[in-house]
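Structure below; questions to follow.
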C-alpha cells in the first residue's frame, strides 16, 4: 500500500475510531471505579437519537450535543441507581439499558417524526462540520508531511479532536489528581475509600456520570458528525467493540487509544474491501468484522498478557448483609 | 433466620417487579400518544384471542423456554451466560446441516437428529467461553458477548458463501425437504378433534421444550450433578472442600446451557422457517435472560415467564400490524422487566424485608 | 481524672443486622490517655460497636460523645474530623497502591497529587522516627507482609492526627515479637496522651497493657472493670457467662499403627508464594496431634492439602498408600474415599452451603455415597432420615432437617459439620478451629466427640490458634512457624510460654 | 383492504421502499381508502407478516424485494383467494401472484450516460447495496451507459455488503464514497437503498455529484444530486392497489417502453443537466425502446461485458 491509498484508509480509521474511543474512555472511568458497564451501547444509542432529534428540531448541533449528553447521563444515572444505590447486578442492569435504549429511541422517533424510527436528515448547522487545522492549506503541498497533516489530521469534526484530547486528559485525571486516586481506589477496594472518609457512593456516581457524558459525546458524534441523522440501531455494536477495546487495553487510557485505533482500522479496511487477498489467501470480510471480538477473547484468555480488571469491579459495595 | 418468608421471595417480589414494569410500560404507551388500555386489549386479543394467536404465542414461548432454561441452568452455577443468542445461531446451523444433508425417512427421526446436532453445536459454542472461564479465569460474560458477535459472523459467512443455493439471492439455505418438516399443533391436535389454526407455527418442539423444563428440574433438584451445580453456585470454596471440581462443573453446566440454547433451533429453524436465514434467533437468546430472571431460575418459573414473553411478542407483533405503535414497544417492556426483576430487585426487596422484619418484631 | 470528661462516651448504642441484634443498648466511657480493652467471644459485637464509633456502620439508636461533646458520626469522615482513627480487623488498604498513596487517600491536600505525596513522605519519615514505625513509602501493599500492612494502617490514622485510636484484634495476625513491638508503640502513644481502644480476645494482652477493660457477650456489654482489679479467670467467666473449665477428661492415648506420614510437604498459595516449606510429620491411629501457631503460618494450607483442597509437592502416605497431591485424584472426593474426614476451618464458606437445607448439607462431600443415591438421582428421603438421626445424636437445635444452614446459630452449624464428618468413622480426621465462635457448652460437646473418635482408633490432626484448646486435646503438640514445624512437645511437659516462643520462631532447646 | 409489506430497509429509506409507500399513499389520497403496512425487522418475520395479513383478509398483499420470493412461494398456495404482488421477483410459481420486474439496466444506462457527460475527471463511481445479481444488473447497465459516452472512462464499483444489512448502512455508504472520491470519482451512482442516503450526503459534503435510485432523490441535496434512476415502484404499487382484488397475476417486466424506469429531471437538478445532456439521454431512450441500442442485461450470462465486479 502506498501513501496515497493508505491515507484515506487511515483517515477513515480516525473517523471510525472516534466513537469507539469516546465510549472506551467512558467505560474506563466507570469500570476503574468498580462499576462494570455493558450498557455503553445503549447510552451511545440514546445519545445518538436525542442529539439528532434536538439538532433537527432546533437546527443547532450544539443543543443536539447537549441533549445527547443529557439523555446518556440519564441512562447512566439509571445504571447508578441500580448498581450503586440498590446494589443490583451491574451486568443485568447493562443488558436492560441496552434494550431500553434500542426500544425507546425508535418509539420516540416514530412518535415525533413518523419516519419509521429515524430523524429527518440534518442539514447545515444541524451537523458538525469538519474543521481545518491551521496551515492545512499551505502545507498540503509538502511531500509526506503535507498529506499526513492536511488530509489525515486536519478536516475532522471538532468531536474527533475532543476524543483524542480526552486520552491525555483521562490519563492526567486518573494518575495526577486526587479525584483519580480516589476513583482508582474505589474500584480496587471501596472499603478503603469508605474508611478514609470519602463517599464510595459519591465517587461511583461521579464515575458513572463521566461515563454518561463521554458516551453522550460518542453518540452525538455518530448521529451528527459521522452521519446526518439517526437511524435505528445505528450504534451497530460499537459499544461492545469499545468494551472489547477496554479489555484489550487492560483499562489504561493510552492503550485504550491504540486499541480503538486498531479496531477502527479493522473497520475501515472491512468497509472498503469485501474480501482481502493477502498473498493468495483470501480473508473474507466476516473475519475482519469478527476480528476485534476474536482478539479480545485471545487477550481475555491471557495468552497475550493477562487482563486483570479492577478488583472490586462488578461487585456492589455492600457493608451490611 | 430468613429475612422474609419464601413465598414472598419467589412470588411476591417478581409480581411487584412485574407490576412496576407494566405500569412504566403503560406510561411509555401514554407518552407516545397511544391508549394503554386499547393496546393491552389488542395484545390480548391478538395473542390469546384465537388459536392463530395462541399458535404464535406458544411458538415464541417455545423459543424462550429453551433460551430461558439455558440462562437459568447457568445461573445455578453462578455463571451468567449472555451467549444464548450465539449458541442458538450455531444450533440453527446444526439443524440446517442435519435437515439438508441427511435423507430422513420420517420427521420424528429428523427431529431427534436435528435436536442432537443443534444441542451439540450450541454446546460447542458455549464450550470455549466455559473453558476460558474455568481454566484461564476469563470473565464468561464478556467472552459470551464476544462469541455472540463471532457466531453471527460465522453464520453470515456460511450462509453467504457456503450454504446459499446456487442462483439464490438471499443469504439463506434451501428449504428443508418435506420429510424434515415438523408437525404443527394443527397437525397434532387434529386427531384429537381439536381444531387449531393451520397457519400458526407452534409445533411439536413445544413438547420438547416442556420436556426440557421437566428434565432440567430433575437435573437441578434431584440429581447429584444438580446438587454439585447448585453447591458450586452458592460457594466456590465450599465446592472445593467437597471435592466438586470447579472446572468440571463450569464446563458441564455451560455445555448443558449452550445445548439448551442451541436446541431452540428445532423450533424456529426446523419448525417454523424450514430453512436457515440470517438473524433467525431474533434476540431470543437475550430474552432468555429476562425469562430466567422472572422465573427465578426455576424451570416452572421459566415455563410461565416464557409464555408471558411469548404473549408479549405476539401481542407486540399484532400492535405493530394494526396500530402505529412500533414493535419496539416490546423491546422496551422487555428492558423494563429485566431492569425491575433483575437489576432493581433490591428496590423492591429492601422495603419488603424491612416490612416483614418489623411485622415479625411486632409479633414477638 | 475525675474532672476531665471522657475522651469517648457511648450511650445506649443498638444495632441490628437484619434479624441479628449485634449490639444491644451499649454504654461505655473511655478516659483520655488510657488504653481501654474490649474482650468478647467471636460474634459478640465488638467490631460492630467500634465500626459504629468510626462511622462505618450507622447505629439504630444511641449517642456518641467525644471529649464530652455530643457528636454525630454519620460517616467515617466525621469520625476522622473528631480525631478518631481505626485499624480494622480486616485491613482496609488498596492493595495495588503504594504505602504513600494509601496514606494520603482521603486526606490529600488540594486537588493535585504531587504536593500531597511530597508532604506525606516527609510526615511519614517523622512518624517513623517518633514511633518506630518504619515502612518503605514506595512499596506496594500487596508486596509487604501483614505486619507492615498493619503499620500502614496505624500510620494512616496518625497521619490524620488521630487522638483516639481503635485497634480491632491487631495481634491476630502478628508473631509474638511483632505483637511486642506493637505494644511498645501503643505505650508510646499513650504516653503522648492519646486514647486507645484495643479489641482482643487474648486475656494476656488485656492484662499486660490495658488500664480498663470492658467485656461483651452476645451483643451486650456485661461489665467494665479496672484491669488492675480483675483476673483473667474473672474476665473469662464474664466473657462466656459461666465458669470456664477448659479441660477435657480423656484417657492417655494408645497409639496404634501408623496412619499418616508426611514428608517434605511444600505448598504454594494462589499468588505462588510458598506457604508450607517442607513439613514432615507422622500420626498414628488413636492419637491426636495438635498443631499450634499464629494464624497465617501455613497450618491452614497444610490442612487444606490433606483435605484435597489445594495442590502440593512432597509425599503423603495414608495407611501405607501414597496420596496424589496434584491433578486428578487429589480432590476432596478422593480423600474421603481414602478415609479422611475434614472439619474445615471456616464452616460458613467451606463446610456448609449456607443456602442448602440441613439435610442437603449432611450429604455435602458425601453426595456420591451409594446410601444416598439411586443412579444419577439422590434419594432425599434417606438423607432426611439420616439428618434427623444425626441431629438427635448431636443435639442440634432446632432439630429441623429442612431448615437452611444459614438459619442455624454458629454453634449448631458447627455441630452439623462435626456430626457429618465424625459419623463417617474416618481413619484420619482433620479438624481446623473446631470451636471458633462456638459457645462453651458446644465446645465441651465437640471436644468429647473428637476424643471419642480417637478412642475408637482414629488418628486426629487438630489445627487451632487457641493454645488452650491445643493443650487440652492433643496427645502431641507441634508448633508451626513460617511454613515449618518448630518441633514437637508433649502437652504435660510444656506450657503456654514455651509454645508461645516456638510460635514466634524461637526454637528453644530441642527441635 | 390492501396491505403493503416493506423490506428491511424500512419504509423511509428514501429509495426503494419509500417509492412503494409513495404509490400507496397516492392511492389512499385519491380514493380515500386505507391500507395496512408493516416494516420488517428481520428475515424471520417475513412469513408471519404474509400470513397475518392473509388471515386478516387483506387483499391484495403487496410485498417488496427479492427476499420475499421464498416465503411467498410457501405462503401463497395456502391462501388461493388472496392476490399477492411482489416487486423484484419474476421467477416463482403461483396462480395468485403478480410478479413485477423492472429493466433497471435500461434506466441505469441513461444515468450512466449523464454521469459520463457530467464527469470532469473521467472517473465515475457505483456503490451497490447487497451484492446480488439484481444490483450487478444495475451496475452493468450504468457502466454501459458511461462507456457509450466516454469509452475511456474509469468506473469504480463497490458493493456495501453481502447481507440485507447492506441496504441500511449509511456509514458504510459514506466511507465508500470517500474512498471512491480519493480514487478520483466525481459522480457516484448509489444503488443501495437506505445506504445511498450516506452516499448522497457525503457526495454533497465533499462537493461532487451523486445519482439517486428508485425514488426521485434529487430533492435530498438540491443542486448536488445529478439525477435519479427512477424505478416506478410507486406506479406499480398504485396500479396494484387500484386494481384491488382484480389485480392480474402473472409475470411483468417494465422497462423504458412501459415508463417503468427512467431518469429524473426537476427543478433541483435542472441546472446540472444541460440541454445537450438531456438530448443525448432522450435520444438514447428512444433508441433503446426501438431496439437500435441494445443494453446487455447482467442476467443473460451472469456477467457484464464492460465491468468486473
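All chains are identified by letter, namely A, B, C and D, in their written order; residue positions are counted from 1 within each chain.
The definition used in the following text is that a residue touches a chain if its C-beta (ideal position, glycine included) is under 8 Å from a C-beta of that chain, and two chains touch if they have at least 3 such contacts.
What you see is a predicted model; the values in this text were computed from it and never measured.
Counted as hops between touching chains, the shortest connection from chain C to chain D is 2. When you average the Cα atoms of each chain and compare centres, the chain farthest from chain C turns out to be D. Comparing the chain pairs A-D and A-B, the larger number of C-beta pairs in contact belongs to A-B. Chain centres here are Cα averages; for chain A and chain D they lie 35 Å apart. For this pair, chain A with chain B, the centres built from the Cα atoms lie 30 Å apart. We define each chain's centre as the mean of its Cα atoms; on that basis chain B and chain D are separated by 39 Å. Averaging Cα coordinates per chain places chain B and chain C 46 Å apart.
Taken residue by residue, chain A touches two or more other chains at 117, whereas all remaining positions touch fewer. Residues of chain B in contact with at least two other chains: 156, 160.
The multi-chain contact residues of chain D, meaning those touching 2 or more other chains, are 162.
Those chain pairs judged to touch are A-B, A-C, A-D, B-C, B-D. Considering their complex, residues 38, 78, 81-83, 86-93, 95-100, 102-104, 106-108, 110-111, 117, 232, 237, 240, 243-244, 247, 284, 286-287, 289-290, 293-294, 296-297, 300-302, 309 of chain A touch chain B. The touching residues of chain C, when paired with chain A in their complex, are 17-18, 54, 56-57, 75-81, 86, 88, 92-97, 101-102, 104-108, 110-114, 116, 156. The part of chain A that touches chain C in the complex is made up of residues 175-182, 184-185, 188-189, 191-199, 311, 319-321.
In the complex of the two chains, the chain B residues touching chain C come out as 1-3, 218, 222-225, 227-228, 230-231, 234-235, 237-238, 240-245, 353, 357, 360. Of all the residues in chain A, the ones that touch chain D in their complex are 4-5, 7-8, 11-12, 15-16, 115-118, 121, 226-228, 231, 234, 236, 268, 271-272, 274, 285.
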